[in-house]
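Two complexes come next, and they have one chain in common, chain A, joined by chain B in the first and chain C in the second.
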Partner chain A sequence: MEKKTQRKLSRREFITTGAAGLGVAALGTLPRQVFGGQAPAVIKGTKLAFLQATYFIAPAQDLFRKQVEEWGKMAGVTMAVDFLNWPDLQPKIAAAVQAGGVDIMDLWPGWNFLYRNSLVDLTREAEEVGKRGGGFEPYVLNSGKVGGRWLGIPNGYSNASMAYRISWFKEAGVANADDGNKIDMTWAEYFAVAKKMKAKGKPFGQALGHSTGDPPGFCYPYMWSNGAMELSKDGKSIAFNKPEFVDAMKKFVQAWKDGYDETGTSWDDSNNNRAYLSEQISSTFNGSSIYFAAKKDKPDIAKDTHHILIPKGPAGRFYWLETRTTAILKNSKNVAAAKEFLKWWFQDEQYNTWWRIQEGYHLQHVKKLADDPMWFKDPKMTPFKQQPKYGLNTGYAGPPNEKAALAWSKYIVVDTFAKAVQSGDAKAAVEWGAEQLKRAYGV
Partner chain B sequence: MVGGETLGRRTLDIYLPLAFYLVFLLFPFYWMSIVSLKPTNDLFEMKYNPFWVQRFTLENYRYLFENTAFPEWVKNTLIVSVVSTIISLVCSILIGYALARLRFPGSNFLGVGIFLAYLVPPTLLFLPLAQVIVKLGLYNTYWALILTYPTQLIPFASWLLMGYFRTIPKEIEESAMADGCSRLQILVRIVLPLSIPGLLSAGIFSFTLCWNEFLYALIFMSSGPMKTIPVGVVSDMIKADTLFWGSLMASAVLGSFPIAILYSFFVKHYVSGLTAGAVKG
Partner chain C sequence: MRGGAVTTGSLLERESSLGVILMLPGALLLMVFMAYPFFLGIWLSLTDSGIGRVGRFIGLQNFVDLLSDTIFHQTARNTLIYALVTVPFKCALGLGLALVLNNRMRFSNPVRAAVMMPWIVPTALSTLGWFMIFDPVFSPISWLLRHVGLISKNINFLGDPGLAIASVCWANIWRGTPFFGIIILAGLQAVPADLHEAAAIDGAGLWHRFLHVTVPHIKGVVLIAGLLSVIWTFADFQLIYVLTKGGPANQTHIFGTYAYQIGLSATEIGMGAAIALYMFPILSVFAVLLLIYLRREE
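Showing the complex of A and B:
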């Protein structure tokens, strides 16, 4: 690459590069490396279609669209961006993999493994991004590479933690309830508060339905923090049906009766938001969307809301955390332009602006942003800042791969919890989960 | 007389069950309407009666028209639904009439084959169809849906019309033939005017299916302003785990209007059209 950029330019190349450079200078925002040293004439007049999930933080979606349009104008590429509801992304991606029609797409954790044969190798581009940012966060390194290669550039992941009502936690006698950053709870302590709150008519809420965010976000960490995991460290056996986890599941079943809204088995990602904002529950595991929505529509609730880190168990504290990646499809007719766009968008000027505007809703992908001033604007968002250091991947203690993605998409771990609270038989539920995992992993 | 002669008996046998069904069927529309007329704050306010509007607002409708491409979505849905319905009806009339009246080798097999095609779920078809659409260069154009919707509409509409055509006495057609009409003339001048209820049923069914269709619209035509109502609503009013209930319900109310109007005008014909083939005359 270096060789290519340093070679002498022909007269034609000089003119086209110069013209593009003048245009760029006129716009005033394009970094020098934007086209990776290649003349934009290579990609000029082409088209790029981009597929992303809809944003909870609307200004970030608007900004992204603007950035895409801006680059399109500068590079002479016609850009189309499509934002879809989260659950609708996968059928669209599956069709694009088969038939084309989309060039760049935002992949959810695990999908980089599922579509590995259809994605362009972006190792060089991703390594550059990581290097520039002082290295990727460990959770990104755990989950972003497929067989040692980056098949997409990691862009981070949306956050989650325990939202709670300050005044009600005070009533329940929780010390330092005013400041969630000073609260460090175990699961037993958290369940004890739930019991008190349910007695007061304000139970905790937890979604245990088939939904992509909150149910696995809660169940996997609870499993890990109580000593169980999907696979053993050598990857040869299932380490799910462990006596300590069966005990922990019994405690969860009891806590569900004593402290939770028991309709949670049918909840999806949106139900706990609604229950919290309508003041039916006092705490729940969720992204910061509850807090942001309250700031907009229910300022009193926002004022009375704080966050704590997910509770810890005997084995420690964990979050299910894997990165989303921005990938290029191999069947794209415009891989060169897609690469140029990604190189430009992952520059600090673009990416960091986009990331900061989300005010902590989206976790950083590189270490340099871990102490970014954005994190210190609102102390109620500080628990989210700490999340990356506790991140584990699906399939742990094995590596993330297609089998882990399959087990995740079948909701085996989540269904184990749902079966346990529905039947009241923790042991049978964990045995069922272990059997299902055995089939999914083929061990 | 159904339900007896006394008022009390009629109330018990007719009016009470009718009232129950009325509430049962209209409640979703009532709920959609009141939620669309409430400010977001009130939707989460448990102190208010959820079945009534405390503070009236048109903000959700304003959002729909000013902050989303809702009028575009309506236009797209209308174009796709109307054209697909017309194409499907024309094809179904020809297929239905041929299967009902013409005797040719393999006609029974063809009839069963068409019906079996209806049983193939769109979730199996969307991937191969996506390849066809992209290869033909129809991706993100009206034609992508106009050409794929009939694959679902024609089989059902053909069977419905075939059943209806069979209820028309053959003697009428034979008389027309004796008077010198060709097959096509019989179809256009005799059979179709007698089949208006059947045609309306097939038309309403096809239009409704197109209007509400989601999967193909999501896969083949969902970029920017090319969305249809079902796709536009979920992609612009559901943001991650947060649903914009007021605007969602406003779009559901407005999106239901064309179908409701269509049904209310033709309900009598629709029912007779659907049931005509059920009992052999």
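Showing the complex of A and C:
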């Protein structure tokens, strides 16, 4: 069945086939499964507005737009889809929650909790998607449900890991530098390479500014892997100011001086991409967007780039990983059509095509895709395949609820790192972070 | 019908009622776009409302909570520095600019128009220029200084605690100086030339003429421009949001950006409104000073 689906709607076929042709073809075969037995006439002539962030992988954005148009033609629904810059997405969603005007939104991690009162319950639809895919990945189960309900259908999350320059790692004496899949580093080992690389004028780079992707993506896992967390497992106290974490922070402060580009305190999610692609830095925590950009415009850098799993600490290896959810606003005047669209789009024919075209940039939401042939096309993408099994959510060991979102949006964990490297006083920085977390969580 | 026409006509004839009728559209606009959001903001600040969640009335709890928030303390400090450091610089540079532009020179009109550019160009757009200039890796300033051998590594304009606030202040000064320049230039052009001539005949030098003829004539416009600038700078948002989003480690947060972060990103709209309203008493003082001055001038 899966093979048949791939053959029918492969990436190349989908892009080259006109939307109208697909629509006509689909009308003959899909209505029953697409519309769940309901007559399309119910939603015909209505309108749907869709809000998403812009994609790093442009073909996926084009494909999504085509899919939306295709369904609109089939169902007789006028579709409007807006792709916003990442920082603009949340204000626009907040405005839509308050004033309407949007029907379907792509919610980023934690927003399903923030807007819980304004979202349509999609438990039945989400459970169907999970069942079809052999169950959701654990990180999706940790972060997608709000109070036991799915307030949006999980669609996965973008990947991230350590990108590095093969030839420079070889020069630094890293074993198996040719193949990132064979490298399994601790933080101490990673920092040791950073020191060697900075001595050669090619430091590591890490964003620690107020930015939503790479800074928390690095800082939360470093905290967890060194035994600290925001909330204790019983949820009654803050477990951030731990001696082992203070010690780890001291090591990070030292590594920052010895091995990192120290201007990283002001970097946002794009600075490290640009620094890496202009050969200023030799390794950085980032999504595979660096690799894709290099493949497109700087093939020599792409050839010399590989990825490794995020390093592990004494408490293990972790990634900050929560699912994005596609949700419907309660104030939508067209909930029925919105539900029909989502039922259609989350079918394998649509979702899997969209997911595969991103070539691993977007992590799978269901277990069935964990061993999809897509993951074996490019060995340099294989480290990302393993990422979902190490995922933890913001607020861990508690749920990724409103309080975790408050702490996250105040950049408390990120700022703890920034304060530590700026002042050199790891202990005071961790104490400050613990105090701020205490306020945010009210414990 | 006829009676109604007579009534309308007499209403328009009467000065008092005509005044009210003419003011009505303006008043209505102010009510809808200024008064309503303002009072809604006050109401929200007294509740624990969130986005999409109607809150309970909690009195002054949000304001009290903020008093013990160290990020808020830092935000208040940053805002004061941002406003009170930049305005004197903008004023001094604007005065210098106005004095230069007041001289007769070729192409004076295009030059005057050009110097207004930083003020006219949308802030978000011009700030993107500064974003590139302050880039931690590709800053042209760092590049130049490195190549002439004055520095060995890039300047961390927006990542160093002291430099970050200095950099955003500098961008604000660049943006705000033309406003002072043009306002003061208008003041300078209103200074009667014969006063300068009379003072020169009496033996007054350039400095004395500036101090005793020019300054008394322009001090009013300087004061008005200064007060307006303090109010606008206090309430700034775009420049900081584009450059740093309040980072690193909150070292450039001002009231506007912190209110946005808490109110919209964290969806604590009640608390966000309270942060923004902390500006209100400070801005009110400056607004009252401005009004008192204007009334006195009348």
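Quick note on the criterion: the second predicted complex is superposed on the first by the 412 of 443 C-alpha atoms of A that agree within 3 Å, B and C clash if a C-alpha of one lies under 4 Å from a C-alpha of the other, contacts with A are read in each partner's own complex, and residues count from 1 in each chain.
Just so it is clear, a contact is a pair of C-beta atoms (placed from the backbone, for glycine too) under 8 Å apart; a residue touches a chain by one contact, two chains touch by 3 or more.
Note that the structure is a prediction, hence the values are computed from the model and not measured.
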| item | value |
| --- | --- |
| Partner chain(s) touched by A:280 [first = chain B, second = chain C, both, neither] | both |
| Touched partner set for A:49, first chain B, second chain C, both or neither | first |
| Which of chain B and chain C A:92 touches, first, second, both or neither | first |
| First, second, both or neither for A:208, with chain B first and chain C second | second |
| First (chain B), second (chain C), both or neither touched by A:269 | first |
| First (chain B), second (chain C), both or neither touched by A:409 | second |
| First (chain B), second (chain C), both or neither touched by A:58 | first |
| Chain C-contacting residues of chain A that also contact chain B | 91, 94, 98, 268, 274, 278, 280 |
| In the complex, chain A residues that touch chain B | 49, 53-56, 58, 80-86, 88, 91-92, 94-96, 98-101, 158, 213-214, 268-270, 273-274, 277-280, 286-287, 289, 293, 297-298 |
| List of chain C residues in touch with chain A within their complex | 50-53, 68-71, 134-138, 153-154, 156-161, 164, 244-250, 261-262, 264-268 |
| Contacting residues of chain A [partner chain C, same complex] | 87, 90-91, 94, 97-98, 114-115, 117-118, 208-211, 261-268, 271, 274-275, 278, 280, 402, 405-406, 409-411, 415, 418-419, 422, 432, 435-436, 439 |
| Of chain B, residues touching chain A in the complex | 40-41, 43-46, 126-128, 130-131, 133-135, 139-140, 215, 218-219, 222-224, 231, 234-236, 238-243 |
